[in-house]
Each structure stands twice: as C-alpha cells, then as structure tokens.
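Look for chain A in each of the two complexes below; its partner is chain B in the first and chain C in the second.
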Partner chain A sequence: MASGPLETYSPSQTLERRHQQQKRKSFNEIDWARSDGRNFHQCRPAYLRTGATSSASGSAYAEFGSTKVIVSVFGPRESKKAMMYSDVGRLNCNVSYTTFSTSTRGQGSDNKDFSSMLQKALEGAIILETFPKTTVDIFALVLESAGGDLPIIISCASLALADAGIMMYDLVSAVSLSCFGKNLVIDPTSEEEACQDGSLMIAYMPIRNEVTQFTLTGEWSTAKINEAMELCLEACSKLSNILRSCLKENVLGFTD
Partner chain B sequence: MKELLISLNQTQKVRLQAALQHLAELASQVSSSNLAVTVADTIPVNNEDGILKGHGTTEFDGQVVATLCGIVERVNKLVYVRTLRARYKPEVGDIIVGRVIEIAPKRWRLEINFSQDAVLMLQSMNLPDGIQRRRTAVDELNMRSIFEENDVVCAEVRGFQHDGSLHLQARSQKYGKLERGQLLIIPAYLVKRRKQHFHHLEQYGLDLILGCNGFVWIGEHAEPIDSEVLEDRDKIPKDKQRDTPLEVRRNICRISNSVRLLSALGFALSVEAIVDTAEASKSSNVDIKDMLGAEFYVQTAEREVQRRASLLRKKRFV
Partner chain C sequence: MVGLSAGEKQFMHGGIAQDLRSDGRQRLQFRPISIQTGVIPQANGSARVTLGTTVVIASIKAELGKPAPLRPDKGKVVIFIDCSPTAGPMFEGRGGEELSSELSVGLQRCLLGGKSGAGAGIDLSSLVLAEGKICWDLYIDGLVISSDGNLLDALAAAIKVALSNTGIPKVSVIVEASAEDQLEVNVSDEEFLQFDTSGVPVIVTLTKVGRHYIADATSEEESQMSSAVSVSVNRHGRVCGLTKRGGAGLDPSVMLDMISVAKHASENLIAVLDSEIAAAEAAEDDGS
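== the complex of A and B ==
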C-alpha cells in the first residue's frame, strides 16, 4: 500500500523532457563546450549603433550575438493631465517582443516584468529633477531573443537616452551571468538560461562606481556571489567603454 | 527630424568626403578646443577656482562631469555642454514658431519642441481690433476665431512661471498667425540667436522666419496690417481674397528645399546661406525637385567650404 508517490504518479517522460534532462546533466559536468565556442568568462561580441529610428528623439540598436534589440526614446514630453503634478520627471518603459523573436512562433507580447525592471535600472542614472512635469517614454523592441535580453535592453536604453540628450549621471551597462553547479558562465544564451541553476544580473555605472540594479535567483553560496559579481562588474566596465566609443563617434560625426 | 536619404555614386562620395574633411580642418583653425564629451566624461578645468558649472554639467569627486553628450563650450568662467541632438531650451526673448495643439480656458497651448507645451495667454496677446482693454468672457469665447487648433503661430518667449511652465507673448503686429506657407522642422541647434529672425526676401516676395526652436516658416509676404486697414479689409468679401500665385508657390518650395538641404548637411542656417543656396540652384538651372538630389547636395557642401575659406582669409587680412 505504501508504495510512495513515485509509483502512483510519475511525470510523463516525453522526448523533450528527456532531452532537457540530458542537457542539464551535461551542463553540470565540470568541463563542457559552449555552443558558440566561447570561454565561460567570455561575452558575446557587441554591435551598437545610435539613431536607429528617425522619428524618436533618441534611439539605439544593439546586437549581442544573435540577440537583437531596438530601443527608442521619446520626450521629455508633457505628462498626461490625469497624472498628478510632480516636480521630478517620470520614466515610462515598455518592453515588447516581436512575433518572430523566439524559435517558437507566437504572438508578440509586452513583457511587464522586464518593463518595470528596465525602469528601476535606469531611474537611478537619469537626473529626473531636470525635467519636472514631464515624461520620458522608452520603448524597447526585441527583434530576436537569444538570451540575456534584459541586460542588453538596459545597456541599449541608456545609449538611446544619451542620444536623446537626456541628462544622466553615467551610462548604465548591464551584464547577466548563469551558474551551473561549480561553473559560472557569463552572458548566457537562451539555451543555457533554460538549464541554469541560478542567475545574476547587475546594472552598473562604472565611472560613479554605483550599482543601479541587482537581481539574483536560484541557489548561491556567498563565495560564488562574490566571484560572480566581480566578473560581472568587470564585464560592465568593458561594455561601458564600447557604449562610450559609440557615442563619441556620433558626436564627432555631427561636428564635421 | 527626418534626414534625407541620398544615394551618392563613387565620385560624389569622394568629393563629399573631401569637402567635409576640409570643413573639419577649417573649423579646427578657428577654435582650437573643440572638445567632444559623452555622459560622465570629466571636463578638464585645470583646477581653476570659481568655475561656474552650466547646463549639462555636474560635480562628482571634486571634478566637473558632463551629464550630456555634446561639445564643451566655455565663456570666461562658465563651462557648459552644448548638445547636438536635444530638445530646444528656451530663453527669454527668443522668437519662436509653434503649432497650436489645444485651446484651454484663457490660453492656447503650443507645441514648440520644448519638453513641455508652451502657453500663450489670451491677455498676453494683442486683440485683432487693436484696442487695449480687459479681456472679457466674450473674448474668451471668441478665442477660436483668433487661433484654431493646428494653426501655425509666431510668438516671443515671455518667461518661465514658478512651476517651470513656459509663457509666450505676441504683443506686436509682426507676431500672430502664419498663413500661406510652409513650416519646416529642423534641429534647433542649427538656428543661431540673432538680432533679426524675421526676414523679408523681396526678390522672392516671401517672408522667412527662423524660429529659435528649430521651426522655420516660409510663407508669402504679408504686410503688417494696421488696425484701421483691418476694418477696411473686413468689408472685402471673402471670395475676393486672392490665391497665392504660382510663382510665389514655386519660390516657397525653392527656399524650403534649400533649408532642408542645409539642415541635412548640418550647416547653421542664416538668411545669407539660404538665399545663396537658392540662387545657386537657380543659376545652375537645378529644378526645385532636383535640389534634394545627390549632385546638388555635394555642390552645396563644396560651396560652403569655399565660403568659409574666404571668410577665414578676410579675417586674416584684417
């Protein structure tokens, strides 16, 4: 009678599930190769460009590996009447996915979680006191999602804000990291994200040495967190240099 | 801000490159420090005392740090960042062109490319009959007969209210509704503040208004109307009011295309430059529609190089 729950009910072993479990096992081994041939501590090559959309006040396009994102910034423009008076500016973020962004074709959708996280990550960097009574709208569109979407959106959005001429303390660059047993894998692809044991994301302002957002999920030990944070912060500073050189090119292009 | 999409062929590309290169060299001769900064770059001030931190700067760790992308400008002790792609920042006395977006009690709201809508109060506006008096409720009801939604209006920046909102005034005959013409919206940094923003181009029969906010109006010339004449005009039946002649319409298009061209090239707008471009297009028999083509685009860049080079030479002789 007391045969345990396993015999009365066991989840169906579909092919897909078995496949995923196998993969998970392989990720937990000490040494394995990443699908795109990177080291564990190597980020994907970044391509950044400002001025992707002509009608916005500022915009940027980012391509990290095969993750592709467009961010457009509108404003600052006068807040809607229904909103209460405020002597600091507001930030309104919206992250949406195209229908063809993932391998399974679906309906393009808004991502509420990412929208609020994007807002929180950028709020600390923008000098909101400089535009009272007004709103800045940030629209991020993920053209292709292949892992690390949110950090890429954040970095791209800070570039678009700088392009729009909105006062900021510093550029925000963000990097995520996955934990697989003993291994720390920086800038994970969506395949790796699906099987991770834990994840960490940092949004960071390198020159001010301030963190605007920190997200940690899964099981971690303190030593691991320390190691992971150091890796992320270093990657953030490097990414910030890339953002800066992109902006500089832009400014110099204008003065010609 | 729509940019022109121009497909250049190989020789045109090379010529444009050379012209832009030349311009950069000329610019570096005029002012030696053209420092471009991005967000959070430190601005070198050589530890001078009493530096004033202007627009787009903040202090961090005892250093002056930029909060915007742009060019560092210095006026004596004041250090500020001039942005290239940002909204218009109004100053008191600026002449602006805007579009009415809403009629609210006793005021019009205007879109002027500022972060907020500008407000034009009924009381800071000359009434059409020209009589100075208190505005009554009847005047308030008749506001739509002065400006309607989507009308293009020219006004002057009066000042900021304590809550940061921007007020305009239009207390002269030269301000008011703009009709029979074209409105162009270009980046605000291309219009420099001058003594004169209203221009009457007599040879074309046009009015040109370079709004400090980057709104440029090109319209048929209209004589400022005195209040006495105005009464006479009301007696003329509506259908007698004439149409804009074809020649003037062509001129409007030619001038507006030269504004478009200059702003696409990123050259500062002045009447001289605009008229010069229009004249050049006429003398070399370029059609109005071909003014935005690749060949004339490159020619304009080359002409600008010559103009600046000759300016520089003149300066040296003096």
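== the complex of A and C ==
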C-alpha cells in the first residue's frame, strides 16, 4: 500500500450536490452503495510518485485504489534503420499486464488495444518536432488491475514523460466513467466495469483545453454525454493538478 | 501512402474551406454507396458495400457454441477485420495488423454495447438456445478489398447489410438428453430465422482537415487529417459508441458539435442503406 499523501480528484461537491438533488427528484432510481463506500461522483484516492525505476530516462508509479501501474520512458533513441525518415519523433507504446494482475491468471492479455490507445492519447500532447529521426519508448506495466486501467496508464505515462524531460504541451490526465441505467459512476472498479451498461473515457489536456482521446460504448443520449463529459473534464483538471504537484515535490526534494 | 505535393495540399484545404471538395462533394456528403447481398454462398449472410472506390465485404457465420460461464444468458459475437495486402502495399505485415485490430476494436465498441449488453446493436440474448448450455456464436468477418478511405463506415454499413441478409437455421432443442450437460439439438436446414437488425447502428466518421470537418473522407483527404471522430448512431438517434482517431487534440465543445453533426448525417445514411437493402432484397427475390 502507498504510504504518503493520498489525494483525490473528485469533481466538486457543488456539482455533486446538484446531481444528488436531481436524483432525489426522480423516484425510480435506486441508490446503492459502491463496494468501497464511495458515492457516485467520488474518485479513488490517487498516489503518484516519479522515479520508479532507475535505469529509465523517466518513470512513474501510480496507485489509484488498488490499481497499480508502473510506466517507464526510455529514449529518445535513434529510430530503427528500417523505419522511413521522419522529421518528427515517433512514439512506441507498449502496455502489458503481469500474469498475477487479475483474479484469473493471465486475463490481462484481453486488452490488446491499450497500446495503440495510449499512443493516440499521448501523441497530441508531445512536441514531436523536438526530437526528429528518433523514437521514445513508453512501457507500461499493470501490476494490479482493479478497474480504470487505461486512464490510469495514460495519466501515469504523461507523468513519466515529464519526468524524462520530454517536451510536452501539457500533461494529459484521463478519467473513465461507467453508466448504469440513469446513473453515472465515475472512476469505476473492475467489478463495476464488468456489469456496466456503458462507459466513457476521456484523456484531456486541461491547460490547452483539448481532448486527446475519447471513447464511448453503450447507448447514450446527447444530454447524458454532456453531463458525463462535464464530470470527467472536471475530474481530469483536478487530476492534472495532482500530477503537477507530484512533479513539483520531486524538484523540491532535490533542492533540499 | 499518399504523397501529395504542397500545391495539391493547398488545393484540398482551400476546397474544403469553401465547401467544395476535390471530387465535387460538399463537406458532409457521402460518396455514392451501392450494396450487393448474398455474395458469399458458404456464409449465413454476406454483403459487399462499395463506397466510391472503397470496396469491403462482410460475412456472417453462425456456429453452435457454449455461452461463457459468466454470461449464461448471452450468445457470443466475434468481429474480425482483415486488411489484405491485395488492397494496397501498406497493409502488408505489421501495418495491416495494426489497422485490422484498430478497425475490429472500433466496430466492437460500436456494435456490442456495454459490458452488460445494454445498448448493443446485436441482441445477444436472442442468440441463446438453452440457457448456459447452447447458443449461437456469431462470427463477423470483414475484408477490405479496395481501400480509398473511410473503411470504418464502409465496414459498419457492410455488417449492417450482411446482418439483414442473415438467416439463422431454426433449432429445436431435444429435451430428453443422454447426459445432463449434453443437449441434443436438431438443426433445420430448411427453415431460417431472419435476424432482427433494427437496432444495428451505422458509423459516421468525421475527419477534421484544417478547421473544418468532412464526412466520408477519401484516403487523400485522410492523409491530411489532424484527427477524426467515428460516431455510431442507431435508428433512434442515440449514440452507441464513439472512437477518436488521430493524435491531435480537440476542444470539448468541437467534440460535442461533431457528435451532433454526425447524428444528423447518420439519418441520411440510414435512409440510403434502408432503401438499398430493400432494393437488394427485391433483386434477390426476382433472381430466385
């Protein structure tokens, strides 16, 4: 378990209260307690640290509830000879799961598309022009999978990139959300993800106000997409502040 | 890969800004679409969709299988897309694999709904024959024959048409089984059940080139895209899935605008597909 400051990035209470009031108005909604005692718009506490591995150019460790992720960034290194000439840098992303990360052994290999999703989420944030002809490797390892894996990998990877000193426009933070009937549940655990009616994931750069990756499954009305986006974007902005303060702490640690 | 000169690029950007694209279309206009059903006799259902010069084939095969232990009341749907190198040299080796898996994941996201099966275009519960024991496994295979952009929309349309063309053999479960777990079934080869395709969505991809976005981009236009959003919309105007392609970021308000534009464009596409399906069915009836 993490020993250190745990910070939460839940969307603001006022927004939450407003939604709760809305909820009371409609009678057919059943309120249930989440398995870890959170309410619907409350995120898990986040613990982040840079410098998880020493041999990498930059690395970060993230622990959100019991989801644990390590991301290492290597490079920039010379692109392989077989690759075509490119005047912008390339990203090589790889997401892997440990065999013991899920309750059934080796289940993590179901998520083959995570590597390309991670690449697309980060590509728009990195100033690729600063390292032409070269490649940056980003390797993510999920130590324990307990829901919201991809958004946590994305947030952790942007922290690792910053730690490696790769030039970026902004830090990317990502948050996912599950939909159960009329209810929106932010930062779902894997039990919640297994029975969700729909899901939404946003990777966002708060300062540039740009969405770099957005996926949605299940059936949604426009009003619900609006509401879910509003919740996620706010949580992303707060998570970005946590990422920033983590980097600052790291610098302060050096000067002391 | 498409190599465009600086002049060609400027011509394309300028045209898109003035709502007149290189092939004379408006920004949100699709290329002419034509469909053909029953192109693969061995499959339960199949369709070929031609969208301009993009040609794709979808085939549906149904096989008897066992439901997953965690979801005894649901059948299984497997979507696999093959980008053959015959469509272009860039599909050889890893390039083709990456695109194939990207398209497969995109289609799965759009067609299969949430984990609980809510909002799925294909009703998984209708595939179950005996709960927990026997169900239909639906294998959806897509093949890209000729690639000129907008593969995802063409494939989704092909799958929609192929599903409407699919007949699943009628199965009667014989209750008196020899062992407890083993059920005997009688698969009829004369009676077929038509598949309910009313809920199957279409995908509309809006490609952002410069400050504007265009529907049904050709591969030349796709080479100039900064990002693209694929929205799948069903008959009721509900969004059933969304995938963003391309690395560049988008403003959240632009994103919402693109969703509503895609919803509007999907109405036309659904209407066109419906009339084409009806025409293809009529043609097939005449032929037989």
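FYI, the second predicted complex is superposed on the first by the 221 of 256 C-alpha atoms of A that agree within 3 Å, B and C clash if a C-alpha of one lies under 4 Å from a C-alpha of the other, contacts with A are read in each partner's own complex, and residues count from 1 in each chain.
Definition applied: contacts are C-beta pairs under 8 Å (C-beta built on N, C-alpha and C of every residue); 3 or more make two chains touch, one makes a residue touch a chain.
These figures come from a predicted structure and were not determined experimentally.
Novice: Clash or fit: chain B against chain C, after overlaying the two structures on chain A?
Specialist: fit
Novice: Is A:168 touching the first partner chain B, the second partner chain C, both, or neither of them?
Specialist: First partner only, chain B.
Novice: By the touch definition at the top of the document, which applies to A:229: first (chain B), second (chain C), both, or neither?
Specialist: second
Novice: Just chain B (first), just chain C (second), both, or neither: which does A:195 touch?
Specialist: Second partner only, chain C.
Novice: Which partner chains sit in contact with A:221 here, chain B, chain C, both or neither? Use first/second/both/neither.
Specialist: It touches chain C, and chain B stays clear.
Novice: Look at A:99 in the shared chain and tell me whether it touches chain B only, chain C only, both, or neither; answer first, second, both or neither.
Specialist: A:99: touches no partner chain.
Novice: Is A:75 touching anything from chain B or chain C once the two structures are fitted on A? First, second, both or neither.
Specialist: The answer is first: A:75 touches chain B but not chain C.
Novice: Looking at the overlay, what does A:127 touch: chain B (first), chain C (second), both, or neither?
Specialist: In the superposition, A:127 contacts chain B only.
Novice: For A:241, decide between first (touching chain B), second (touching chain C), both and neither.
Specialist: Neither: A:241 stays clear of chain B and chain C.
Novice: Name the contact category of A:54: first (chain B only), second (chain C only), both, or neither.
Specialist: After superposing on A, A:54 lies in contact with chain B but is clear of chain C.
Novice: Can you report the least C-alpha distance between chain B and chain C in the superposed arrangement, rounded to whole Å?
Specialist: Across the overlay, chain B reaches chain C at a minimum of 15 Å between C-alpha atoms.
Novice: Which residues would you name on chain A as touching chain B in one complex and chain C in the other?
Specialist: Chain A residues touching both partners: 205, 208.
Novice: Can you list the residues on chain A that touch chain C in the complex?
Specialist: Against chain C, chain A makes touches at 112-113, 116, 119-120, 122-125, 179, 193-199, 204-205, 208-222, 225-226, 229, 233.
Novice: Can you list the chain B residues touching chain A in their complex?
Specialist: Touch list, chain B to chain A: 1-3, 20, 23-24, 27, 34, 36-41, 56, 58, 60, 65, 67-71, 83-87, 115-117, 163-165, 266.
Novice: In the complex formed with chain A, which residues of chain C make contact?
Specialist: Going through chain C, the ones touching chain A are 70, 98, 101-102, 105, 109, 112-116, 118-119, 227, 229, 234, 238-252, 255-256, 259-260, 263.
Novice: Quick one: which bits of chain A touch chain B in the complex? Just the residue numbers, please.
Specialist: 54-55, 57-58, 75-78, 85, 127, 131-134, 162-171, 205, 207-208, 244, 247-248, 250-252, 254-256
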